[in-house]
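In the two complexes below, chain A is the common chain; its partner is chain B in one and chain C in the other.
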Partner chain A sequence: MFKKLLFIILMCYSSANAIAQQREVEANLKAAFIYNFIKYINWKAPADDPFIIAVIGTSPVYNSLQEIAKVESINGKKIVIVHFNNPDDITPCNILFISANSAYSLSSILVRVGKGTLTISEEPGYAEMGTAFNFVLVRDKLKFEANPHAIEAAGLKASSQLLKLALIVK
Partner chain B sequence: MQVFTSVIVLGLCFAAFVISHIKDYKERKVDSMTSLAKVIGANSISTFQFKDNDYAEQILNDLQQVSPEVLNACILDKQQNIFATYTRPGSDTFHFTLPSPGAKQFEFTNNSLFIYSSIINNKDILGTVCLRTDLKELNDIKATQYSIALIILIVGIGLSFFIAFIVQRYISKRILKLANVMKEVNETGNYKKHVDDLDKDEISTLAQMFNQMMEQIFISQQKKDEFIAVASHELKTPLTSIKAYLQVLESIESDETNKKYVNKSLESVNRLQQLIYDLLDVSKIQSNQLYLNVTKFDVDNFIDDAIAEFQFVAGDHKILRSGAEINHTIDADRQRLEQVLTNLLSNAAKYSPGSKEIIVYTEKRDQELLVRVKDFGFGIAKEELNKVFERFYRTKTNSILISGFGLGLYICKDIVKRHHGKIWAENDGNGTSFYFSLPLNNAVKSK
Partner chain C sequence: MKNRIIFVVIFLAFSYLAKAQEDTTGVSKLLNLSLEELMNINVITASGFMQTVSEAPSTITVITARQIAERGYEQLEDALRDVPGIDMIHINGYAPTLFYFRGMYGAENLRALLMIDGIAENNILGSNDLAGPAYSLHNIERIEIIWGPVSALYGANAFGGVINMITKKGQDINGIHAEQGFGSFNTSFEKFNLGLKKSKFEFALAGTLFSTDGPRFTNRDPNYSGSYVNKAYSLIGSVSYYAKKSVTTFGYRTYRTPMGWGTYSNSPTKYLRLPSQGYGNRGIVGVIQSNIRGGRSGLDDAFLRTSYIQNEWKPNEKFNILSRIFYRETGTADDSYIYVTANSTKLIWVPITSYSNRVAGSVSVNYSLSKRHQFSAGVEVDRDNVERGARKTTLDLNTPYLIDGVDTVTNIHATYLPRQYDIRTTIGSYLQYNLSTNIFGKTNFTFGGRFDYNSYWGNALSPRIAIVNQHGKNLTFKLQFGRAFRAPTNLEIYQITPNSNFHLKKEQITTYEVNAIYSPSPKVRLQLNGFRNELSDVIILTLLSSPLTPDKNPGAISINGVEGILNTDITRNITAFANVTYQYAWGKNLVTNKSGKVPGVANLKGNAGLAMHLDNFFIVSVSGNWVGTRPSPRTDPYGSVKGYFLTNLNVSTENLFNNKITVSLNIHNLFNVKWLDPGFRTADGFLYATVLEQPGSSGLIKIGVNL
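Right, the complex of A and B next:
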């Protein structure tokens, strides 16, 4: 009886561990994708400002982005990762990653986002609702949707190299 | 030789042409395939960044339209794992292995060209594009090139044969003509002979120079002949009167010693006179003025007379006649033919000092008179048998000891020739035989 219980606990623990590992891999991949997006977007920011990537809501992606920011730069500019708890905190930034864990509605976030900010989400259907890019899983593979209108509305331009890989939504 | 040279040159040219053409084709192929691989590489950078191998395969699949000669294509990632792969429909799959770093980025095998191109983004190598291209086209080109080269080579050889044949005929013909004229002049001594060659190249220059040379030789020859003619004529007159006075002196002289000296002088005068007559005959022959005084006479009578007359001056030698009686008359210049026979006898006596006999052998053969004068003397070297009939020719071995100008046989030959006969010499082991033959029924006209 005790053994059985121990076994179940161990199973739960190990599976939870495996899930956590898988989540970390996914977060790393998403962070890498976000970093790669930067290269295919035509930014209009002034030259000397640091490049700001903001994350709203708690997400392991934040940590992954921090890791990238430590070693990489964008055209010689430093990458700064910031975290917002709620939409009211939002300050001007280059990229806003809307975590699936964010407790706020998308619309309440989007109204706070200024021009020149690229919004990236990870919730099915968010691209249709107005984010520029949205991560989706297709056959267990990480893909991304792109909303050209939202990109254009943000005053940015995405390269065709990027858009050809994206699932375009309208 | 010309043809061989042209074949070698043509062959080398074609080999160089074909090799450079194939090399050129290969270089162009490598260039175009490398460019293609680079474009694929550049297009697949984003697929690497977003791990989208589906789209990478789509890029490779476009090769089917863009470059159907690509058999296999593959994009390998940094760890050389396959990221995307493509195989032309109907072809076998192929597993690429990368060449060692630093090696050439392309490789030719029997039927394929392999191209390896790194995908580089901001100095990071993301992976490698590998292409395997069918070289069937190259083999087709090679086959056509070789066959074209072979055909042109064969045509070229044929043409060069043809041209060489024509040129050779053209040049050789003229040179042979020149050589023939030279040979003829050498044999006949007719320096008036000219070579007609009216072209404006080196051969005609040679011919013209030859003609000029011949003219000069002819002129100097003529001057020499004139001199001999004049000199001998001028010598003849005083000599005749010397001889006449000596003969008178010989008949009236009674003192033995004086008579002996007069006879010695007469002998010398006779020799001198004979020489002058010979020289005069030669100049007559040269100027074509030796005329025959033809009469009808009996051959046997003529030969016996000539022998008897020569026996009178022959000294130690005994002249014997052998062979059949001819019993035939001949129309000829008796005096000139006597001159021939006397000349042959006197040569026979001169060149056989030790022996006692000279044989005159006569024979009638096929309506021809054949006369053979045989001595038992030194003999004549084989290569000199024909030359002894040339003007001023004297045999090399024994002539120093024996007096003479080398004119007698030359005159004999001419006289016999004018009688449509032949004269020749033979060696017969011990001594020499001189022959002459004359047609018995072929009337010779007086000239």
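Right, the complex of A and C next:
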């Protein structure tokens, strides 16, 4: 009986472990996408500022971005990853990643985002509601929607190569 | 106590091994990939774990939508031209080009499965339809070619490989895309894609309309017009509903390709009182290749129609079930015909038709017990209503009719006799197990097998084993073994004398393969493949058609080959590919005891190409296809056909008017090289030509609009 029980516990553990890993894989992938996006955006930040990527809401993407910040830089600028708990915490940043776990409405976040910040989300319909980019899962593959109006409204310019790969939301 | 310790050790080992897996999907590794590569990674694959082409337990070539656009591929044949391992014979009519996977000459286009979104598209009857101009690539997200025998998963005819064309879904299209093209030989086409995803519904529709006069081979006939395609069309549509944990899709697609018979047969130059067409062809027997009786020379009007409904249910990341039912009709429409002469004195009008259908259902399950253990299993049932070869007709060779004051034609009032058909049932089931370990870095083992029962050809067991070792970040080794089979077709079965108690067996293949993949950086990928194909029970058409020596499965073929492949991003704006193939194919006829090199297969060949993005405005792509000398069939008096090198150029715009309009120019055979393909079948210069002439330069200009 003990063996059976232990076996079941082991299997449950390994299953839970695999699901957790799967989430981490997806988070890593999103972080890699975000890092790639940076290369295709015409940024207007002062040259000596660090490059700030912020995450609002709890998300494993934060940890993945931290990993990137340890080893990469943007045109010689250090990457700094910051975390906001709620919309009131939002301070100027280059990228704001809006976690699906964020407990706040999108509109309450977007009204606090200033010009020059690229917003990236991971909830169906968020690009249509005003984020610049939104991750979507299409047949098991991670794709991204782009809202050209939101990018323009942020005072940024995305390269056509990037937009060509995006699912454009009007 | 001892048992408890063992369990704890297993528990810890489990955790350690699972942790070890994370290295391959770590963020540092992903940073080396481009956006397009990231977009191609399956977050969750059918087997429940993330897998790249290198990790897959097969040899896979992937052609992406970007490559299709950059290189100007319009139809499947264009894309296959640049990959290693495929020999082609271009007939310029009568169904599309013949493809031979890795030296497997013969069994025209029957030794590979063509799939669209995972549903086999091959003709049920077994005529040599595989793609063609109606199979446009404008709605294709990517083409996956799985090399080698994969009957262990897909059953019959996944013999030399599987070509899976993955279509763009509504969300990929997200709007309307339309194309209009014009080209040499009075070619014109229209294509469109429209699609969107709204809320829980996704919709996609794509279509083509293609016509051409085709190249002219005036040595066959000054008025040659046999390579035309007249309004070939396709329509592909799907509607999907996304529930919380499942996607249900209803799809329909239809392809119709009315076209001439091209250079399928010799020109009857003696009957036409024309000079010989050359190359040792006799001109006594043949098929008319110029317009006659105010109509086309001949017509091959092939059609395929598929309807399906499927449900992908994924209650969690570890488990999914794909259930599918489809109904497919294939055949040659009853307006098809040829004018043939057997003796150079009179023509015989021969109507040609066939119709077959298949009802099939399948369920496949993928379960990921953990990152180490994945299982796949499935069951498939097919019921074929398949015509007994080409439909019989009335035959009157004794009543001559004088047509246009010139041609003596018989049989012009022939009518079809009632359709005769067989009902064939196939039941197949498979099981596959993947084991991931950290032996020698990371080593994955795949064990699989499929059992099929068919009411005609009996039982088949197709095993498969693959070992994939990833040694460090840059090096991957694969060892593969597999067996597969090709089912005899009703065209083959009914070529023999009626009532002869003749029973064909399946063709069998055993393949051994070894691969090494080296990526010194994310921008360079080198691959070396070595393979051996052993074919047995090979069906040979010419022996089947002889009532004197109808042997069942008289052939054996062995092919050894090596392929070298390089893909590289030279700079951010320049990508390049190159591949070279060496293969040696040897065949033996066990009835005649004659053996020799397998015809139509070049020992050496290669392809190379370069795509450059200029100023973010133009994409210039140049590619070259080199094919070495190819032997011809033993019965061919012409002998070997010398090799050729063709250069292709594609120039296309990007970002014109905010990417709303694209313009492209494609030139095939840029330097107007004269080249020949070897003749096929007997190629004896009697019914079938000794060699097949090929067109010189041809061009195509295309305008696309995105709305």
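As a convention for this text, the second predicted complex is superposed on the first by the 159 of 170 C-alpha atoms of A that agree within 3 Å, B and C clash if a C-alpha of one lies under 4 Å from a C-alpha of the other, contacts with A are read in each partner's own complex, and residues count from 1 in each chain.
Keep in mind that, in the parts below, a residue touches a chain if its C-beta (ideal position, glycine included) is under 8 Å from a C-beta of that chain, and two chains touch if they have at least 3 such contacts.
Just so we're clear, the structure is a prediction, and the values are computed from it rather than from any experiment.
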| item | value |
| --- | --- |
| Simultaneous placement of chain C and chain B on chain A, clash or fit | clash |
| Touching partner for A:135 - first (chain B), second (chain C), both, neither | neither |
| First (chain B), second (chain C), both or neither touched by A:84 | neither |
| Most chain A residues touched (candidates chain B, chain C) | C |
| Touching partner for A:162 - first (chain B), second (chain C), both, neither | both |
| Which superposed partner A:97 touches (first chain B, second chain C, both, neither) | neither |
| Partner chain in contact with A:126 - chain B first, chain C second, else both or neither | neither |
| Chain C region in steric overlap with chain B, selected from 80-88, 278-286 or 314-322 | 80-88 |
| Chain B and chain C contact sites that coincide on chain A, given as residue numbers | 29, 32-33, 36, 40, 141-143, 161-162, 164-165 |
| List of chain A residues in touch with chain B within their complex | 29, 32-33, 36, 39-40, 141-144, 161-162, 164-165 |
| Touch list for chain C against partner chain A, complex | 3-4, 7, 10-11, 14-15, 18, 21-22, 25-28, 30-31, 33-36, 38-45, 50, 169, 171-172, 174-175, 316-318, 368-371, 616, 654-655, 658-659 |
| Sites on chain B touched by chain A in the complex | 43, 45-47, 49-52, 55 |
| List of chain A residues in touch with chain C within their complex | 2-3, 6-7, 10-11, 13-15, 17-19, 21-22, 24-26, 28-29, 31-33, 35-36, 40, 64, 67-68, 71-72, 136-143, 159-165, 167-168 |
